Each structure stands twice: as structure tokens, then as C-alpha cells.
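By written order: A, B, C, D and E. Residues from 1 in each chain.
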Amino acid sequence: MSAPAGLDRATERSRDLRLLLAVLLTLLGVALTLVYLIALNAGAAPRLADLAYERLPSTGVQNPVTAVLLNYRAYDTLMELAVLLAALLGIWALGPAPPGFQRSGAVLAAMVSWVVPLLIVTGGYMLWVGGYAPGGAFQAGALLGAAGVIVRLAGDPRAGLPGEAAQRWLLVAGVLVFTLVGLGLMAFGAGFLTYPPTLAKWLILLIEAAATVAIGAALAAAYVGGRPPGPDARPTAEDEDALTPAQTPANPPAPPLDPRP
Amino acid sequence: MSDAALTHPLVLCIALPLLGAMLVTALPRWSVRLGILAAVATAAAAVALAATVWQQGTLHLMLGGWDRQLAIALRADGIATALVLMANLVALGISVYASGYFHDRVRVRSFWPLWLLLWAGLNGLFLAGDLFNLYVMLELLGIAAAALGALTGNRDAVAANLRYLLVGLLGSISYLLGVALLYTAYGTLDLGLLAAGIADSPQLLAVNAAAMTLMVAGLALKAALFPLHFWLPPAHANAPAPVSAALSALVVKAVFYLILRLWLDLFWPITGMAAAMLPALLGAVAIVWGSWRALRAERLKLLAAYSTVAQIGYLFLFLPLLAATPPGPARDDLLAALLLMAVTHGFAKAGFFLAAGLVQTNAGHDRIDDLGGTAQRLPATTFAIALSGSALIGLPPSGSFIGKWLLMQSAIATGQWWWVIVVTTGSLLASAYVFRVLSRAFGLEPTPMRFITDARAEVPALTLALVSVAVLGLASGPVWTLLGLSAAGVGA
Amino acid sequence: MLIAQFLYGGAGLVLFTLGLWSFLVHEPLLRKIIALNVTGAGVFHVLIAIAYRGDAAPPDPVPHALVLTGIVVAVSATALALMLGARLQDADEEDQTP
Amino acid sequence: MSWDYAALLPGAIVVSSLLPGVFIFLLDEESHVLRTVLNLFGAVAKLVLVGLLIYGVWLGQVFETRIAIAPGLTLVLNADALSVLFVTLSTVLWLVTTVYAIGYLEHSTNRSRFFGFFSLCVSATVGIALSGNLLTFVIFYEVLTLATYPLVAHRGTPEATRGAKIYLAYTLSGGLLLLVGAVWLRTLTGPVDFVEGGMLGDLSPDLHGQLVVIFALLLAGLGVKAALVPLHGWLPQSMVAPAPVSSLLHAVAVVKAGAFGIVRVVYDVYGVTLASQLGLLTVLGVLASFTIVYGSVLALTQDGLKKRLAYSTVSQVSYIALGTSLLGPVATVGGLVHLVHQGIMKITLFFCAGNYAETLGVAKVSQMDGIGRRMPLTTLAFTVGALGMIGLPPIAGFVSKWYLGLGGVEAGQHWVLVILASSTLLNAGYFLPILYRAWFRPLPAEWPNEHHFGTRFETMHALLWPPVITAVFCLLAGLLAAAPFSPLEWARLIAEREYGL
Amino acid sequence: MSQLTLLIVFDAVLLVTLLVLAFAAVLSPEPRRAVMLFIAFGLWLSLIWARLQAPDVALAEAAIGAGLGGALMLAAARRAARTASRSRGDDAS
């Protein structure tokens, strides 16, 4: 693979190479399918399903997927929230958000005023229902994020999110609550993320609520596409030049660039 | 599990940097102070972990207290512990260095949370005992690393790290398909249970081989094994110095660690001589090619990045030697040598990049041909480059010298003498590229008045370099002790 | 084994191969990202297929959870990659119009 | 308690110069006094420790420091008669050279760097001398390469950079060959300890083919530092280094490390009997003889004083290899005693060359007319060294040549006498014209670059007395050759042990 | 029996449509079109997953994979189209 060209410089690979690759990859696909067939017949049939259902009553939830996500494999989910946050922080590191779109017309504004509350309410419902039916933090968070996207499309440069300081707390809420609950349980001798069955339901709900907020905020903020507009986000000359020789004795460090008093 | 507190360091190694990342994200004004605090706490947890494993042997923890099949396992054996200790000490050094490196407020606030997330991902990867959890850790590493690498925001850095991100994603998807195949066939994701399953199912050779190929190929892409290394030099050379250090010293090593784990623990029934030959040959080409490109590089950081390509090659040379050596002291020595080499390169490469970053900030560029004055003005920095450079070459008394010695010994003993030629050629080329830099430091510039000019930046670089040379080269014994514990853990 | 498991899983493998091919041969960033997403969807599809145990038995929830995690990871990576691409494009535009 | 002492002493001897070296690096450039104190403290402390070592070895004590690097890989420092010979030589000459260097480099730049690496070099040399096994030897051998590089490059001129690069290319490649040989040998035998009489004697004859190849690798690695032709190319190029470096390192430490290594490998690894059986001694003897003649011929053609001395070193160091290659204790004595004698003679000559350059700006033979009248003491010292090199009794060099000649006769190798005779003629050919110029030609109107140091003497004290002292050593080593503790007596002791007499 | 056949036909139709959408998305050179096809592919995928008794995942795929991922890609496609048209304009001038 050569350097990824800009979207406009679409230089296509030669036809021969593409065909050759197509043939090779078809062979790969056939081989993989055969292997998959063998693997399916290997006799591991119930896999983890039976065990997962067997343990379900002591997980604190009735929806088996939620049980896996927030109990059996809660650690995966915790790290996955960290992945989402890392991606967002990476986006923020690239610069301030581009300016918002023009103010929307009356029709869209009216739609926004209907759709957004609906999405938020549905999100809350999803979160609650996730304990025993399809739904949960991810779906709820996604709905909140979608609400943010619509608000952004309607012209709000912040996609309905609060100012930067509050936004940062929303973003970290998921991992923070998750980790603190886990460590708290460890401190009380139960082990990291090992919920006592009596408390499991409520602890999971607490974590899910925080995760929903964090996922919604992260997805909306990712759509905004940069650091939130605000005093912090103003592009500075320093943004462009990474190699500011600030440590050379000849060039004393640049004075702190804090516009606030 | 009676003594649950023993496993606390295992969790803390991951939870503390994660918690730190949340705090620096939420309280950006306190980034540096909170970041250093988290760094020190995490490193302390790693030291505690090493001490526990040293005394107790391999640690296992089933998160959530569920059955082994259902839960995600964390485990720390000798190999993992040695690498965790290396990674956390190096990361602590990088953190101290970084606390003075970034001056732009925006960049400070971007660096710390991503760096701590990367750190959590590293520790998570080393300690994970579950194939899917490893996938999540790989993604965390890949995303945080690409974001950090693009931190300078200049065009080359963004382009290189975009490519790194995409290539990394492809690699982890390939890995994930392998995981899916294994889950289909064996119905579990736990490394230990899968290892037992694979050992008991020679009739599933096709599945095992396909899963291994998908996983190892995907990881080789992320570990930059020749010819899949193309993305590494630009990405590592254009990142800010502390990030380059972390990427080259830690992230690539972590991926190699995972390959080694799969190779030795999971797929050992099918990773014989025939399977080991291809990666080793690629590793041999990587040594020669990477060293040659490093020699031809015009920029110091590009040189260091190509040298990483070569150093990864050395690690792959061990695979056929391990395959040819029956279990016993000789194989233990070989494994210890491999580990010693990886750990030494970790320290040395981090020291090298940190020092190179200092040269760059002082000179305003890192073109090797014009660096003379700067190198001479900063004796401690040049010293750090010299020390870590000798460890990269494998000169005594560095840890990699011991590693190289045992590598060559095993190559001769198992009749695979051709690797000796590869290692010798690599060492000569490495000497050439290291001394190409060092010779610039002996010019007619005015005499520097003191050894250390900028303690916060120079001391970490020098310390890391010194560890790779003096400590690991003269006291490599603990590596064997740790490995001995891991062997005991497998037996028990 | 169920026919459905094989059919759907096989389709997942087709998607995987298709995405891989597209990633290798198509240069524009957006196409590469779409290709990666198709590749990932293929793997997810395999996981969903093996979780399916016929309409009578409840499905295996573990692969479902894995796929959920995978979807979030994939969208995170997509967002970051797109934003890196946008930044690159800005830089190129600045180069062209100094 | 005594065990502790015996186990620590060899290590302490290495550390006594290493630690001051490390502190010197950390010193500010202006801390002249502290640096001088550290330098002299290290040198004197090492001398005292070596004195204790000699006394202990004389009493029959065994000194051994062992540090386990890793299972099966042990750093061993011990003191047998051979190591004591080399350690004593290095330590005494280090003290003298330190004094000389402090004077020579006054007002020079980058002194912290210089003295730091200088101390590292001596530590590495002493480490080589005390190495108790091949691994330890290889480690210190490489460290010596690395620590010498900055000293050769020290002046920072393009020629210095070039010379240092050539030096490094030769020595690092040699080091790699040595490493491969050492590793290979280890796979055959396990840890390769230095044992008097050799340790490979009872190895199966099937392996003899491999042993020959390994010897070739080891000899190539050691031959680079010992400047055996055709591996000598770096030595004349390294003469760009400051005079103290040329004196100590290229007369004593570096080239001797190579020669010493050859002695170790032949006597204490292979054993003379096996080495002679395998025909290795013949190869070594031919190479050494060729080097002796070739180096001398090239020395004849050099006008640069230091270059002439450098080619003379190429030639003279191979006397040691020659002595080693002849089967029989007398030749061994000749070779070993030359290790010391050549060292003190050559360091005298290099000190003098440095004095001429520092005081008068004279660097070429053609500029030395009448220099004996301007700098009588220095030139007297130079004369002693030069005549000793030619082999004039009663100076040290005569003793070496005498024993080498006798050894050749004893071994039945009469051609050695031809080599010695022609070498002596060539030595005379390149030294006597210098002496003639210095004493008998008229003074020039003006010296190229004359300095006055405001002393009663011809140059400053720190430069003047070191060559005078070493010249006195040359005389004493020859006159008192039969006295106890003389180099000759030590060499005899070593030879007796190697041959099991 | 016929019910099973019907089901298989149903499955086959679902899968063929999915693959067609995937091919179309991957092969379409025009960015906006490709993204729209990808979104359609994602939605169809979630339909199939619902059929495979994975409603949780189906919901998430529809909302996150196709929905938000699609929205992000659409924004990028819009950018790409804008730049492409601008650079075409540059070429013409």
C-alpha cells in the first residue's frame, strides 16, 4: 500500500494486479469456508451458551447479552469504552471543530424539537429495558448520539453538548464509574468487577447509566469533529509547528498562551 | 484464590492508568501533575506485581469470579511480568521526559490522557489471558498510538499515522477472524483452555493452522515484520519524541509478545521447524534491510525507526531455534535470551528516541549530517545515544550482547549456522549507523561546560540507556529466575 | 451444525474477503474505510452465525456481546480515521493554495 | 575475611579507575583541581591495589572475582602470573601517563570527556589482563574498543574523525570475529576458562577441524588489535590522537591487548602442545615474522615521527606473537618479557615525540636537526628508548631479542635468527638517523612553533619527567634482569607454569 | 419440510441482497453513493441479525454501525465531493 492519497487523487491500481488479487483472495475465501465448515463440525456445539444461561440468575439481569456485557465480560466493555474515548481524544487532538452549518430552516427546527426529545426518551427506555429485553447502554447511548447528530445538523455547533469542562466529565463518566465500582468492590474484598448478587442489578444499572451518557456524548462529540468551540479551541500558531525549539536556551519557552486572566 | 489480595497488583496495573486517564481528561488544567502521579502509581503497581510474581509464581485471576470458560482471565507469568516491568519503567521514564517536552497547552492536554490510555492498553495486553480481550487491547493500543503519533499535526505525521491506523485495523480484523474460528471449533476464548483444546485436537489441523495464520499474519502486520514494515518508519519518525519512544520501544514489542504467546503457548503443537522458518527468514531480511536503511537515513529519528524494523527481526530469529531445541536448560536459556533481548531493546530504543528528541528540540531539526554542534553541546544526551546505541548493536556489556551470545550459541549448537552470518552482518551495519551519528559529536565545537544541561529530559534518557547497558548486561540473572517461575506455573 | 450457520457464516467469509480485496486495491481513504468496515462486518457476521442455534434454542449470548463490543470499536476507529483524513486534506489544500 | 578480600581485589582493581572515570564525566569542565585529584587518586589507588595483588600472588594466594551475569555466563577476574605481568605494566604506565596527560592537555578543550574515557580505557585494559575466561576477555576487549574511539577522535579535526572511523571499522569487525570464535568454542566445550597448559587438550580429534577454524577466527579478531599484517591498517591512522593516547593506548593498552589475547589463546585455551600439533603455531610464526619485517620496512619510509613510531610498533609487537609461536619455554620468556619491555620503551619514545611537538612544534624527523641541544633530557630519554628498540645491551630490548634468538635455536627454528637480525638492522636504519640528526646536526634558526613554559628545564615538569622515568625503567629492566620481581623473572615463572616445568 | 425450504429460500434472498449491497458499496467509485450503499448494507445486516435472533446486536448495528458510522462517512463524502469539484475547477482554469 502506498501513501493514502487524498480523496481527490484517486489513482487506481492496475487492472492486472486487481484481478490477480481477486483470484488469490477468492482462493483464500474458499479455503476459509472449508476451514469454517470443519470448525463448525468440531463438536463444540453449545459453546458457552448453556453455561451463560445457567449462571444468568446470579448476574442481576435477565437479558443474557447484557449479562455477558456487564457481568461475565464486563472488563471487555470497560476497555471498549476506553477505546471509544481514545478515538474521541484523538479527534480532539487534531484540532478544533469546523464551524457549524448554517441555521436550519423552520421545518427542520420543528422536526428537531420533536425528534430529539423522542430520541432521548427512547434512549432512557432502552437503558432501563436492557436488563431483561433487547436494549442496554450501547443502544441507548447510540440514540443519544443520534440526537446529538440531529441537533448538530440543525445548526448547533456543539451538537447539544454542554461546554467543554462539563463535556469532559460526561465523556469520562462511563470509564470512571466503571473503574471506581470495580476498584470499590475490590477494596471490599469481592474482587475487581465481582458484583455481590444482591447488589448486582443496581451496580449494573449505575454503570450502564454512566456508560450511556458517555457513549452518547462521545458519539455526538465525534460527529462534531474536533475540540468543542470555546476559548480553548481557538487555533494558535503553535498548532501548526510541532518543532518549536522551546527548550533551546537561546529561545526561552513561549509564554503560556492562556487568554483568560 | 484464598489470598485474593495477591492479585490486586494485576488489576491495579490496568485500573490505575485508566483512572489516571479519566482524571487528566476531566481536569485538563492539572494534566501534568495528575499524569505524573498516575505514572508513578502505575509503575509502583508494576513493581508490586513483579515482586509478587517473584515470590509467588504465576498469578491468575478470573475477573468477576465466574467459571473459567465464562470469565476473562488475567494472568502474570514470568514472560509477562518481565515485559510489564520493562514497559512500566520505560513508560515512567517517558512520562518524566514528556512532562517537560510539550509546551503548547493544547498538546499537553491531548498527550496525557491518550498516553495513559495507551499505557493501560499495554499492561492490559501483557496481562490478558483471553483472546477477545486481547483484541480489544490491540485496538486500544492501535487507536491511542495513532492518535498520539499524529499529535504534532504536521502533514507527514498525519499521513503516516493514518496509514498506521488503517494497517493496524486490518491486522486486528484478521486476528479477530482467527479468534472467531477458534471459538467456533473450541467454544472458549480462554488461552489456557484453548491451548489444551488445540493440543487434544490434532484432527482439527486445518482449523488450527488457518487460525494461526490469520492471527499471526495480522499481528506481524502490526509488529512490522518485513515486508509488512512499510508503515513503521514514517509513523515512528514523525511522532513527537516521547511518543516515538513509546511506539518503538513498547507498542511494537507488545505485539511481538502476543505473537510469541500464541506461538509458544497456544499453537505449539503446529509451530515446528517448518512453520518457524518463514518468520525467521523474514526476520533475517528485516535485520539486514532495516539496518541498511537506517544507515542510509538522513534523519536521526528515521534512523531509529528503521533500526526498530531490524530489532524486531532479531526476535523472530529465535523461533526456529526454539523449535529445534528440546525442552531443557538449553531451551530455557534461549527463551531467556529472547526475553532479555526484547527487554534490552525496549530500554535502549526508548533512551535513543528520547535523546534524539532532545537533539531535535535543541538543533531545531534532526538531519544527521548537520547535528555535530548540538551533539557536542549536550554531552549527557550524546552519552545516552552512545549507550543505547551500543545496546542496539549488541556490544558488551549490554543485555542484548548476552542475548546475541546465546542466540549464536544456539544457532551453532543446532546446526543453523546461517543465522550467525545474519547476526554478524546486522551487528556490523548497526555499528555503522550508530557510529555515523556518534562521529558527529567529535568536532571542533566549543567545549560544553557541564555534563547535564536539562535534567528533566536528559536524566530519563540517560537512565533508560544505562539500564539497557549496565544493569541488563551485567545482571541478567533475574530474567532466568522469572522464567523459572513461569515454568513452575505451567507445571502446577 | 445448522445449514443456516454455514450459509450465514459463509456469507460472512465472503464479506471478509471482499473487504480485504477492496482495501488492497482501492486507494481513496473513504473506500478503504468502507472496505475495512465490510471486512469487520464479515467477521461479526460469522460470530452471529455461530451464535444462532436454530429458532427453537436461545442463541449463544457471548458472540453477541463480542460483536457489540466490536461494533463500537469499529465506529471509534472509523471516526478517528475519517478525522485524520480530513486533517490531511486540509493540509493538502493549504499546500495548494498558499 | 581473607576470602572476601581475595574475591574482591581483582574487581577492585578494575573499579579503581572506572569509578573516578564516571565521576570525571559528571564534572563541570572548569573543575580542574577536582579532576586532577580524581585522576591521580585513581591511578595511585590502583597502584596500591596492584602492589597488594603482587604480594598476595607471591605468597601463593588465589585471587578471583566471580560475578554471575546469567546462568552459565560468568564474569571471572583472577590473577595468575601472566595477568599480574600485564596488570602491573598497565598500572605503572597509567600513573606516569596520567601525569603526562595532565600537563599535555593543559588549556586544551573537552578535558572531562578525555579523562573520563581515558580512565575507562585503563579499566578495560586491566579487565583484559585479569580476565579469567574467554567471555570476560571478549567483554573487556570490546569495551576497550569503544572507550578508545572517543580518544582517537578527540581532536575533532577531519583527520581525527577519519582516523577514528578507520580504527573503529577494523576493531569492531575484529571484535565480531572474536565473538563468533568465542561462541563457537563455547558450544564445543562449555565455559572457556583460561587454564595454564590449555583446556582443549582432551577434546575429541573429530573436532580438530573445527578448532582450526575457530583459531583462525580468534586470531583474526585478536590480530586486528595486535596489528598483525594485514590487519594493521588502523594503527598509523590512529596517530592523529593526542600524544598521551598514542603513548599509553597504542604502545601499551590496545596493541598489547591483542598480543596478550594471542598469548592467552595459545597457552591457556589451546595449550602449546595442541596448538603445535594442529599447525597453528607455524601460521602464527609466519604471520608474526612477516609483520616484523614489513612494519620495519614501512617505518623506514616515514617522515612523520609518530607514524614512524607507529610502524615500529606494528613490527615490535609481533615479537610477542613470534615468541609465542615458537615451541619451547625460552622463546616464551622472550615473547612475554617483550610485552613489558616494548611497552616501556615505546611509551618513552611516544612521550618524547609528544614533548617535541608540544614544546617546539616538531612533528617530523626532518625537523629534528640539533634538537638534542635544545631538549637534552628528552632526547636522552629518546636515545635510550631507540637504542633499546635496536637491541643494544644493556637496555631492555636486548634481553627480549636474546631470549627470542635462544628460543628459536632451542626450537630448532634457525630462521628466527635471520628475522631478528634483519629486524635489528632495519630498526637501526630508522632510529639511528634520528639520533644522528638530534645530536650532531646544527640547530635550526627557528623552531616551527616554540613554547616557553617558564621553568628551568627544557619543557614543563609534567611533560619532562615521565619519559625520563620510563627511560630509567628501560635501563633498569635490562641491567637488573636477573633480580627477583624483574619482568624477566616473572616471564620465566609464567613459562615454567605453561610448560609444566 | 416445505416450511424449511421456504426458510432457506428466505435466508438465501436475505443473503444475496446483502452481498449485492456489499459489492455495490465496495465497487462504487463515487463517495456519496458508496456511503449510501454502505448504510443500506448496514441496515440490511441488522435485519439479518434480527432474523438470527440477535436483536441487541441488530439494534446496535443499525444505530451505531450504519447510523453514526454512516453519518460520519457522509460528512467525509461531502467534503470529498466538495474538494473534488474544486480541484476540477482548478484544472479547468
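The definition used in the following text is that a residue touches a chain if its C-beta (ideal position, glycine included) is under 8 Å from a C-beta of that chain, and two chains touch if they have at least 3 such contacts.
Everything quoted here is computed from the prediction, not taken from an experiment.
Engineer: According to the touch definition, list the chains common to the neighbour sets of subunit A and subunit E.
Structural biologist: Under the touch definition, subunit A and subunit E have C as mutual neighbours.
Engineer: Considering only chains other than subunit B, in their present positions, which groups are joined through touching?
Structural biologist: Apart from subunit B, the chains cluster as A, C, E | D.
Engineer: Which chain lies the greatest distance away from subunit A when centres are computed from Cα atoms alone?
Structural biologist: Using the mean of the C-alpha atoms as each chain's centre, the farthest one from subunit A is D.
Engineer: Could you name the chain whose CA centroid falls nearest to the centroid of all protein CA atoms?
Structural biologist: B
Engineer: If you average the Cα atoms per chain, which one ends up farthest from subunit C?
Structural biologist: D
Engineer: Using the stated contact rule, I'd like to know whether A-B or A-C comes out ahead in C-beta pair count.
Structural biologist: Pair with more contacting C-beta pairs, A-B versus A-C: A-B.
Engineer: What whole-Å value do you get for the distance between subunit A and subunit C if each is reduced to the mean of its CA atoms?
Structural biologist: Those two chain centres are 16 Å apart.
Engineer: Roughly how many whole angstrom separate the Cα centroids of subunit B and subunit C?
Structural biologist: Whole-Å distance between the two chain centres: 28.
Engineer: How big is the gap, in whole Å, between where the Cα atoms of subunit C centre and where those of subunit E centre?
Structural biologist: 11
Engineer: In angstrom, rounded to a whole number, how far apart do the mean CA points of subunit A and subunit D lie?
Structural biologist: Centres of subunit A and subunit D (C-alpha means) sit 69 Å apart.
Engineer: Residues of subunit E that touch two or more other chains: which are they?
Structural biologist: Residues 29, 31, 56-57, 60, 64, 68, 72, 75-76, 79-80, 83, 87.
Engineer: Return the residues of subunit A touching two or more other chains; collapse runs of consecutive numbers into ranges.
Structural biologist: 1, 4, 6-7, 10, 32, 36, 40, 45-48, 52, 65, 72-73, 76, 80, 83, 86-87, 90-91, 94-95, 138, 219, 222-223, 225
Engineer: Residues of subunit B touching 2+ other chains?
Structural biologist: In subunit B, residues 70, 132, 136, 139, 143, 146-147, 150, 153-154, 158-159, 162, 166, 177, 183-184 touch at least two other chains, as defined above.
Engineer: What's the complete list of touching chain pairs for this entry?
Structural biologist: Every pair of chains in contact is listed here: A-B, A-C, A-E, B-C, B-D, C-E.
Engineer: List the residues on subunit B that touch subunit C in their complex, please.
Structural biologist: Residue list for subunit B touching subunit C: 70, 132, 135-136, 139, 142-143, 146-147, 150, 153-155, 158-159, 161-162, 165-166, 169-170, 173, 176-177, 180, 183-184, 189.
Engineer: What part of subunit C is in contact with subunit E in the complex they form?
Structural biologist: 3-4, 7-8, 11, 14-15, 18-19, 22, 26, 28-31, 33-35, 37-38, 41, 44-45, 48-49, 51-52, 55, 58-59, 64, 67-68, 71-72, 74-75, 78-79, 82, 85-86, 89, 93, 96
Engineer: Would you tell me which residues of subunit B are touching subunit D in their complex?
Structural biologist: So the residues of subunit B touching subunit D come out as 329, 333, 336, 340, 379, 383, 390, 395-397, 401-402, 405, 408-409, 412-413, 420, 424, 427-428, 431, 435, 439, 442-452, 473-477, 479-480.
Engineer: Name, in rising order, each residue of subunit E that touches subunit C in their complex.
Structural biologist: 8, 11-12, 15, 18-19, 22-23, 25-27, 29, 31, 34-35, 38, 41-42, 45, 48-49, 52-54, 56-57, 60-61, 64-65, 68-69, 72-73, 75-77, 79-80, 83, 87, 90
Engineer: Which bits of subunit D are touching subunit B when the two form their complex?
Structural biologist: 25-30, 67-73, 75, 109-113, 135, 138-139, 142-143, 146, 149-150, 153-154, 156-157, 160-161, 164-165, 168, 172-173, 176, 179-180, 183-184, 186-187
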